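Same chain, two partners: subunit A is paired with subunit B first, then with subunit C.
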Partner chain A sequence: MKRRRMLDRLFTVAMAAFGLATLCALFTVVGIVVWRGAGAISPSFLLDELRGAGADGGVFYHIAGTAILVATAALVALPISIAIGLMSHGYLGDGRGRRAIEAVLHALNAVPSIVFGLAGLALFVNTFRWQKSWLAGGIVLGLMIVPTVAVAFLEKLRAIPAHTIEAASGLGLRRSMISTAVLLPQAASGLVTGLLLGLARAAGETAPIMFTAVIFSGATIPHGIDDSPVLALPYHIFVLAQDSFDPAALQKAWGAAAVLVALVFGLAIAALPLRLRIHEEAKRV
Partner chain B sequence: MFDRDTHPAFEVRGLTVRSGTRTILHDVNFDIPAGQITGIIGPSGAGKSTLLRCLNRLIDLSPSLDVEGTVRFAGRDVREGVVDPDDLRRRVGIVFQQPVTFPGSIVTNVVFAARKLGLVTRRGESELAERCLRDAGLWDEVKDRLEAPALTLSVGQQQRLAIARTLAGDPEVVLMDEPTSSLDPRSTEAIEQTVASLQGKKTVVVVTHQLDQARRLSDWVACICPIDGRGELMEAGFCCDVFCEPLRDETRAYLGLTGRC
Partner chain C sequence: MTRLRRFDFVRLAALCGSGVALVALVALGAWLAIGSIAAFRHEGLSLFTGNDWGYRQESFGAAAMLYGTAVVSLVALILAAPIGIGTAIFASEICTRRVRLAIKMLVEILAGVPSVVYGLLGVLFLREWLYALFEKLGLDALSGDTILTAGTLLAVMILPTVATLTDDALQSVPSRVREASRGLGLTRAEATLFVILPQAIPSIGGALLLGLGRALGETIAVFLVVGRADNLLPENLASWRPLVDAGQTISSKLGGAETNIAVGDPLHSSAIVALAAILFGSVLVVTLAAEALRARAAKVMGR
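Up next is the complex of A and B:
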């Protein structure tokens, strides 16, 4: 009895220690970024455009470019992930097709982002002759995060009790109606969670967009599709951190990193009311 | 078999259901009278729920099961290619053992399928909801909180809500798979009243373990028992005949546990 209680306590302490270590790691990373970048943050840094090879000016168009890429990625990933989830869960049953789709999703999730970048380069830049384009970058990012979004959606779909689907079928609803009226609303929280995770990843990726969508300077808001590059925070940080020996430019890189972290947190906070509402509705099921 | 004025809603012939090499139901033949309440009784594992699911092809959702034989409804075998299973399920509604509520309010739940299937206009929804909730015996209990979440209802009320939702689709037949097995006596009584009120308006088929309930509710009874591990129809007939003068020893043995004439 005493031994069992000790083991239980040991397990609790170990779990708490691991949880604390994870939180410490997160706060350390965010803390370093905020601490090093805080000096660069000012209204002009957020609202001005880049000047002096990154040593001067601000990151307004980098924020706008990142937002455009992330929004495009969301618009690409969301319908594809919904279609994959509903097709896999609503139409393929428990058969081989469903297992194959899930295996492909997990495999795609493990593909390095640079491979997506190269595929985008081959397709959009070399084949379609778009040169660098925000749309190409958004599509590549969107396809890259599809596995993350779709897997989270599928997990939630799998949690819907079979008798709920049976009840809807028993009322005479067609599969398409069950998909839209039962499966989608009840698994929407998984979709939003997956999308947030995916977009947070997309916002910080450099490799998939460096060949297809972004340049270091000279771009503003794009007005077309082909030859319409954008600026983006992760690529800006990457170039400044790698190539700049100017301390002022490095300070700006830390500032840009802090803005990127704030963007990701902002995205999660902005989606919080939606997630809470979906969660409340799901609890009522 | 039936009264002169009664015609069968379903004609089940040679119905056999297998799961791999295991036979769940074997060569079931019987008719279900239209406009009456038919009780299906039998021990656990006899295949009563499987039989019920064959009537509206909900069995199709279990692709591992093989179905043979015919189930004729409205003059057609339900498994004929021309029969649309979704349309069949709208005409042959089902209420399950565990009530299922969909997200949203009480009234949303009642008109859930009717709205999706285009059976009611937006304007007619409240009228339909009231009528179905009255038919399900739930109106008086929820009329002041129709917009409240359906999950705030007790399990017994949720079951009647499920009945109201089924009725909102205006089915010709209502199948009930042990609708009171998880309910307290008061809720059970309320559901039984609801079922009894459907007599003459709808064809009702109730699977139940409660022999007293089958006797109270049913005009017609079918008894299914497992023989060598597979469900077989022992007999079907008027409720009083099956309960008082069962033809088969298996029925007598099953009823003998609790059934008295």
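Up next is the complex of A and C:
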């Protein structure tokens, strides 16, 4: 008996150590970024443009470029995800159609981000001859996050009680009315959550945009579609991490990393309250 | 009885929108398949077995990249699995519900750190730390850019995925199982190890496979620390050597300069597309297997 209790204690301590190790690892990551990045951040770093191969100035146009890419991605992903959700729960029954939609989402989710980048390069740069364009990057990022957005929406749609839908059809509502007046508003929080999470991911990605949408310096706000590259925080960090031995530029790279992490965390935290509620509700059903 | 079917605009819009996703996926698959034909024609099986990638010589044997991708991802999984599963057990079986949710929240927020930030940390910290460690251990590594560095960095990156999905797996074991095993007088450790874990094994397998899938496809962080040395296959697998050598993975090759160099050269770009096809194919197999495991487990658990 004593031995069993001791083993139980040991087990608890060991698992707690694992848990602590995970949290420590992740806090170390964030801690280093804050520690190295905080020094670089100032109002002028956020509002000025970068000069001198990344050694001087600020990242205003990088933030603007990332915002443009992310906003475009949202405009691409949102209608597609709404369509997928309404198709699945408004028009297809329980069976094969829904499973097919899920399979498509799983497959889309399995596409590595670099493969999205290569496909964007082949389509937009080499076929459409856009050269580098914010729109190409936005479309690629938008498609990439469709699974994230759609799955969150579907999860919430699934949690709508059957009697709600039965009541709606009992009132004689058409399917289109049920979709727009019942399903969409009832599951909208899932859509918002998924979108925030998807955008958090899109903001930090480098691989899908590096061949299609971004350059290292010299771009400001784009004015057309073809040959209209933008700057972006992740690509900036990527280039400096590769070949900068200039401490001033590295300092700026840490600053850019801190801004990027703040942006991504902001989006993820904004998604949190809704997300936890969905999670717990899903469990109760 | 004549029922006028009114034109359903919502249906049309939903169909079109879902169609876009389907068409994108099918087009992507077709592009990968058709685009890689030329390379497969040129190389045949030696695309997989040959160790002689060099576009100037028009030879595209990707064995070293396949090896690199496999080893880097496996190192990541081997490091992340025990820590991630342990964390999940701690959160799900030992902590109170509130603490569990707090841990889960933190882990999921921290999971959002972009891969390029991990890459920067890898370049400026992990690389140096591991190089110092290699020197202390007497392993004559040429630099800190090694297979092991990439694997370790990836391990931290997939840790949240493994931990949070394993936690979901444990949570889906019904609480009556816990109560019954405690009622039989099992300690918490015994209940967890001999009753709950075995029941959750399929979905934990799914969690690990999803972690593996993420590791296989990850590009930017690996690119920055793996050394990107072409055609390096280890001579002696039963030593530390393979881990402390530089290497190349499929994704780090795709993320590099060759992707731009290949534009305009049909054979070379076909070889690049073939690599992308192999990468997508392997991540797809792993992901679908993971989802199948998780779906079956969910059914068994009666959720």
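In the analysis below, the second predicted complex is superposed on the first by the 237 of 285 C-alpha atoms of A that agree within 3 Å, B and C clash if a C-alpha of one lies under 4 Å from a C-alpha of the other, contacts with A are read in each partner's own complex, and residues count from 1 in each chain.
Keep this in mind: a contact is a pair of C-beta atoms (placed from the backbone, for glycine too) under 8 Å apart; a residue touches a chain by one contact, two chains touch by 3 or more.
Quantities reported herein were computed from a predicted structural model and do not represent experimental measurements.
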{"item": "Which superposed partner A:182 touches (first subunit B, second subunit C, both, neither)", "value": "first"}
{"item": "First (subunit B), second (subunit C), both or neither touched by A:146", "value": "second"}
{"item": "Which superposed partner A:40 touches (first subunit B, second subunit C, both, neither)", "value": "neither"}
{"item": "Contacts of A:5 with subunit B and subunit C, given as first, second, both or neither", "value": "second"}
{"item": "First (subunit B), second (subunit C), both or neither touched by A:163", "value": "first"}
{"item": "Subunit B versus subunit C as contact partner of A:23, first or second or both or neither", "value": "second"}
{"item": "A:199 touches, of subunit B and subunit C: first, second, both or neither?", "value": "neither"}
{"item": "Partner chain in contact with A:174 - subunit B first, subunit C second, else both or neither", "value": "both"}
{"item": "Residue contacts with subunit A in the superposition, subunit B compared against subunit C", "value": "C"}
{"item": "First, second, both or neither for A:121, with subunit B first and subunit C second", "value": "second"}
{"item": "On subunit A, the residue positions that both subunit B and subunit C contact, one per complex", "value": "174"}
{"item": "Residues on subunit A engaged by subunit B in the complex (per definition of touch)", "value": "93, 161, 163-174, 177, 181-182, 185-186, 281-282, 284-285"}
{"item": "Complex contact set, residues of subunit A against subunit C", "value": "4-5, 7-8, 10-12, 14-19, 21-23, 25-27, 29-30, 32-33, 79-80, 82-84, 86-88, 90-91, 101, 103-115, 117-119, 121-122, 126, 143, 146, 150, 174-176, 179-180, 200-201, 203-207, 210-211, 234-235, 237-238, 240-242, 250, 253-254, 257, 260-261, 264-265, 267-269, 272, 276, 283"}
{"item": "Sites on subunit C touched by subunit A in the complex", "value": "6, 8-11, 13-18, 20-22, 24-25, 28, 31-32, 35, 82-87, 89-91, 93-95, 101, 103, 105-121, 123-125, 156, 159-160, 163, 171, 187-190, 192-193, 213, 216-220, 224, 251, 254-255, 259-260, 263, 272-273, 276, 279-280, 283-284, 286-288, 291"}
{"item": "Complex contacts: residues of subunit B adjacent to subunit A", "value": "56, 58, 61, 63, 86-91, 93-94, 96, 98, 100-104, 112-113, 116-117, 149-151, 162, 165-166, 169"}
